[in-house]
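Following this line, the structures themselves.
First chain A sits with chain B, and in the next complex the same chain sits with chain C.
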Partner chain A sequence: MKHSHFWLAAAASVIIVFAASHFVSNDYFFFAGYVVLQYIVLAEAWNILGGYTGYINFGTSGFFAIGAYSSVVLHKLWGPPIPVLIVVGGVLAGAVGLAMGGLTLRLRGVFFAIGTLALAIVVQTFITNWDFVGGSRGVYIIRPPSAPLLGTYIHYLFLVMLALAGMSVAIARTIERSTLGYGFAAIRDDEQAAEAAGVPTLKLKLISTTLSGALMGMAGAPLPYYVTYLDPASGFNLSYAVNAIAMPLIGGTTNWIGPLIGAILLGTIQQAATVTISSSLNLLLVGVVLVFFVVVAPHGLIGLYRPRRKERIAQAERKVA
Partner chain B sequence: MSDALLTVAGLGKRFGGFIALDGIDLEVRAGERVGLIGPNGSGKSTLVNCLSGILQNEDGSVRFDGTALDGLPAHRRTHLGLARSFQLPKPFGSLSVAENLRIPLLYTVDGRNGVRLTESDIAQRCEALLGMVALDGKARARPKDLTQIEMRKLELARAVAAAPKLLIADEAMAGLSHSEVDDIIALLLKLNEAGIAVILIEHIMRAVMSFSERLVVLVAGRKIADGLPQEVVNNPEVVRAYLGE
Partner chain C sequence: MFSELLLNAIASGVLLGGFYAAVTVGLAISFGMLDIGNLAHPAFVILGSFSAYIFNQRLGLDPILAALLMTPAFFVLGAAIYQVYFLAFERRGEEGLRGLAFFFGILFITEVALILGFGVDYRFVEARYIGPTLHVGDVDFALRTLVPFVISLAMVGALQLFMSKTYMGRAILAVSQDSLALRLMSVRPYRVKLVAFGISIATAALAGAFLIIIQPVEPSIGRDYIGRVFAIVVLGGMGSFPGMVLAAILLGVAESLTATFYGPSWSPAVAFGLLLLTLAFRPAGILGRRA
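Let's turn to the complex of A and B:
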């Protein structure tokens, strides 16, 4: 499928899902759906750097919180509409991603991962000590009771996150099938060989950190309006970083569909567990599911499908021969 | 030599207190076949890494096709036409054999001299490269499913996909059988006939002697001989370096 056709299909899916959601009368569906969609954006964003390029990022919560707190600042200063907050959050988090890339991309493996974790801690410390955004006390954001044409505000937030999820999936898929995606794959597989094959690895790694960081910031930008009270403990919650890694690993990291499947699967299980058992069970659930997949399907769910597909192709080629 | 494609002058490289390369001078003409030999630890791979940009030399200079390479990253050197294969093959494991060849085509050949490649150009070039190394039946295979000789051929094909003027083949025949070595020699000769200069780093003397027009010998980071293969292997200093006193 051509890129333009995929983008149209993604836009159509967004419209269909949102239209179908009007048949749901319980508002909890929108609250839970928002979280699952937010994880789709985070998982696709993480996967651009971690899955496509092979650089493990433990600092998702830092980028996510940059988006969230940039919205807090703008809300207090001016109160622009959410699409503007998303753009600003994306630009800021993307800029931090670029800076982080410049500082840390000469590191590899676990050293890079620790660098990203350190970045998240630095940002959290800064926010915790910044009174304007509430510091460690946190800040209340009063969201409007309703949105024009859409009814309750949570419907609007759901639509915003649904559009962001559709966009992030389309971006991830476009990258994967592009020259950029081949360059990322080459870096992931062997950086020296990639350089020798003409791939400008440093430039591509900076593009990857910027794109990944920007999408994470965009996912975080509507958060203050969703939670209405934001403090560093929730904005920088460990669950964002853990889920952003676990979801692509469960689905499969080398393509766009893996993080999508992982986020829908794990996000939905977590939401179901939250209402039926306990919200504090979520991280334990992630751990159990992750261990299960590491043992049973180390290449994710997509990895289980691929050998069968390969066998079918081989059988077809044998028949032709 | 005034028509040198590659000119290395006084090249030096140290790792801490260890001198890996000490004042190496070397010239390679366009279309020439040069063999580079030396005992283990003599600095052959370090020299290749310095030429290809994986390592940066501390002393001396490298010029390629009229451009100073000092300080340039490896991908820029590949763009200029200096390609290499690795001693231990480094395929892109998550990509198919054909996709491995797409990478240099997309990043090096596409856009060179303002000429853009279409999808069908890329497919045709991949097909031609796979045909050249007799891997046309393996286009969709993953590198892990290839045999040792096929892996070596993929490594060379990926370097050649960058349309180089100079190919540095770093021990492309290591671990291969007699007939497989002949296959690789034939392939390198074919590439040379197409106008590509080749520096062959190799321990298999039969291959080096049958392939090279000129032979360069490194010992302990220094060049001790450079000349016609028969003269070089009879050089007493070379004999002493290889066989001892």
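Let's turn to the complex of A and C:
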């Protein structure tokens, strides 16, 4: 499928899902759906850097919260519509992502991963000490009474996040099947060999960290309107980072379908478990599933399917011979 | 008045640093020597705190004594985790990304399991040395930090002796220095690493007891220590014990000064900021040989 066709298909799926959602009368569906869609964006964003380029980011919650807090600041100053908030959140988080890309100059592997964790905590400390956005007490955000285009506000938020999810999946696929994606894969497989072969590794790494960070910030930008009360402990919650890593690893990290499957599966299970069992038990579930998958199925659900495909190719080759 | 404040801040920082050395020594072994990025180390420290808490509350045992009794159990736990890690990652040569995700998952599981078991309330222990303070001139030494400081330095000293004097200790050093050469001499690093990782988790039992003596503990405070312990290991030069103690005291003093003069809410940024700066400018640590 050509890139333009895939973008059209993604846009069509967004419209179809949104149209279908109008048959759902229960508002809880939209609250739960919003969270799952948000995880699709986070998982695809994490995977651009973690899965394609091979640099692990433990600081997802930091980027996510930068998007959320930039919205808080804008909301207090002027109160622009959500699409503007998303663009600003994306730009700010992308700038921090660019700075994080600078870290890759000196740090690789474990050190880079710990560096990203450090970055998230430093940002969190600054936000906690910044009184304008509520500091450690948190801040209340009052939603506008009605949403543009649509009836209730949660439908509008759902649509926004749905569009973001469609966009991030399309971006991930476009990258994967383009020169950029091949460059990323070359860095992931062997950075020195890639550099020696003339791949502009630094430039590509900077693009990867910036894109990944920007998408995470965009996912976080509508958050204040969704939760209506935001404090650093929830904005910078470690569970965002754990989920953003667990979802691609469960689905499979080397292509765009993996994070999508992982996010839908794990996100839905968690939403169901939160309602039926308890919210801390569902976090335990994420941890257990993550450990189980890295130990037992290192290439994710996609990887379980792949050996069979290889077998089929081998069979076909035997027939030809 | 100012100099008194400064002296007290430095003194409590040094004591805090001694405690940080105890929290870090396990990671200096696993990450510094064995190259296993055990992100979950602080979670095991919290587990140590809670095991000391249980012994203290149920049997009225001294927390440090309780932790000493628990070290064999922690050793076995560590060995079991290394066993899984070895089979799932090291043997396949995939320890990088997946190994880290594995420990991240373990960190999360331990934390949530403790929350399910004990709730999010702060827990504390009782011991005779927790209340009083020692006055030396203008400087105060709180016994609740002085006792962990002394025992923690003793522990690090004992481990240093173990590493340099015993057969097993030297084998661990050999693994950390040149694992390939060891293999060429037909020694399997596997068993040595199993013991070393067990020891590294066993130290977490003691460090956990120190932690709950110094301050009340709830399951999620372990995260604050991730940055500290990695900063100290990297700053100390990856696996060198003297460097680690020096780095721990440096960080303790820096945090204590920040808390005294700017407020305690800034102190998490000190450790992580220091870590970022070290990683960026001096990856070999303060006592490191190669730049």
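Convention: the second predicted complex is superposed on the first by the 315 of 321 C-alpha atoms of A that agree within 3 Å, B and C clash if a C-alpha of one lies under 4 Å from a C-alpha of the other, contacts with A are read in each partner's own complex, and residues count from 1 in each chain.
Convention: a residue touches a chain if its C-beta (ideal position, glycine included) is under 8 Å from a C-beta of that chain, and two chains touch if they have at least 3 such contacts.
These numbers come from a predicted model, not from an experiment.
Visitor: Using the overlay on chain A, decide if chain B and chain C clash or can fit next to each other.
Guide: fit
Visitor: Could you let me know whether more residues of chain A are touched by chain B or by chain C?
Guide: If we count touched residues of chain A for both partners, the winner is C.
Visitor: Thinking of the overlay built on chain A, is A:Thr201 touched by chain B (first), by chain C (second), by both, or by neither?
Guide: After superposing on A, A:Thr201 lies in contact with chain B but is clear of chain C.
Visitor: If you stack the two complexes on chain A, which partner ends up touching A:Asn129: first (chain B), second (chain C), both, or neither?
Guide: Once the two structures are laid over each other on A, A:Asn129 reaches chain C alone.
Visitor: State whether A:Leu103 touches chain B only (first), chain C only (second), both chains, or neither.
Guide: In the superposition, A:Leu103 touches chain C alone.
Visitor: Going by the contact rule set out at the top, does A:Val294 touch chain B (first), chain C (second), both, or neither?
Guide: In the superposed model, A:Val294 contacts chain C only, not chain B.
Visitor: Considering only C-alpha centres, what angle arises at chain A between the directions to chain B and chain C, nearest 10 degrees?
Guide: 80
Visitor: For A:Ala185, decide between first (touching chain B), second (touching chain C), both and neither.
Guide: Once the two structures are laid over each other on A, A:Ala185 reaches chain B alone.
Visitor: Touch test for A:Ala193: chain B only (first), chain C only (second), both, or neither?
Guide: In the superposed model, A:Ala193 contacts chain B only, not chain C.
Visitor: Touch test for A:Leu238: chain B only (first), chain C only (second), both, or neither?
Guide: Once the two structures are laid over each other on A, A:Leu238 reaches chain C alone.
Visitor: By how many Å are the closest C-alpha atoms of chain B and chain C apart after the superposition?
Guide: 7
Visitor: From the superposed pair, tell me which chain A residues show up as contacts to chain B and also as contacts to chain C.
Guide: none
Visitor: For the complex, give me every residue of chain C touching chain A.
Guide: 31, 37, 39, 84, 88, 92, 94, 96-98, 100-102, 104-106, 108-109, 112-113, 115-116, 223, 226-227, 230-231, 234, 263, 265-266, 268-269, 272-273, 275-276, 279-280, 283
Visitor: Which residues of chain A touch chain B once you look at their complex with the stated criterion?
Guide: 179, 182-183, 185-186, 188-190, 192-202, 254, 313
Visitor: If we count contacts the way the header does, which residues on chain A are in touch with chain C in the complex?
Guide: 50, 54, 56, 58, 103, 106-107, 109-111, 113-115, 117-119, 121-122, 124-126, 128-129, 136, 238, 242, 245-246, 249, 280-281, 283-284, 286-288, 290-291, 294-296, 298
Visitor: Spell out the part of chain B that touches chain A in their complex, as residue ranges.
Guide: Residues in contact with chain A: 52-54, 73-75, 78-79, 83-84, 86, 90-95, 99, 102-104, 106-108, 110, 140, 158-159, 161-162.
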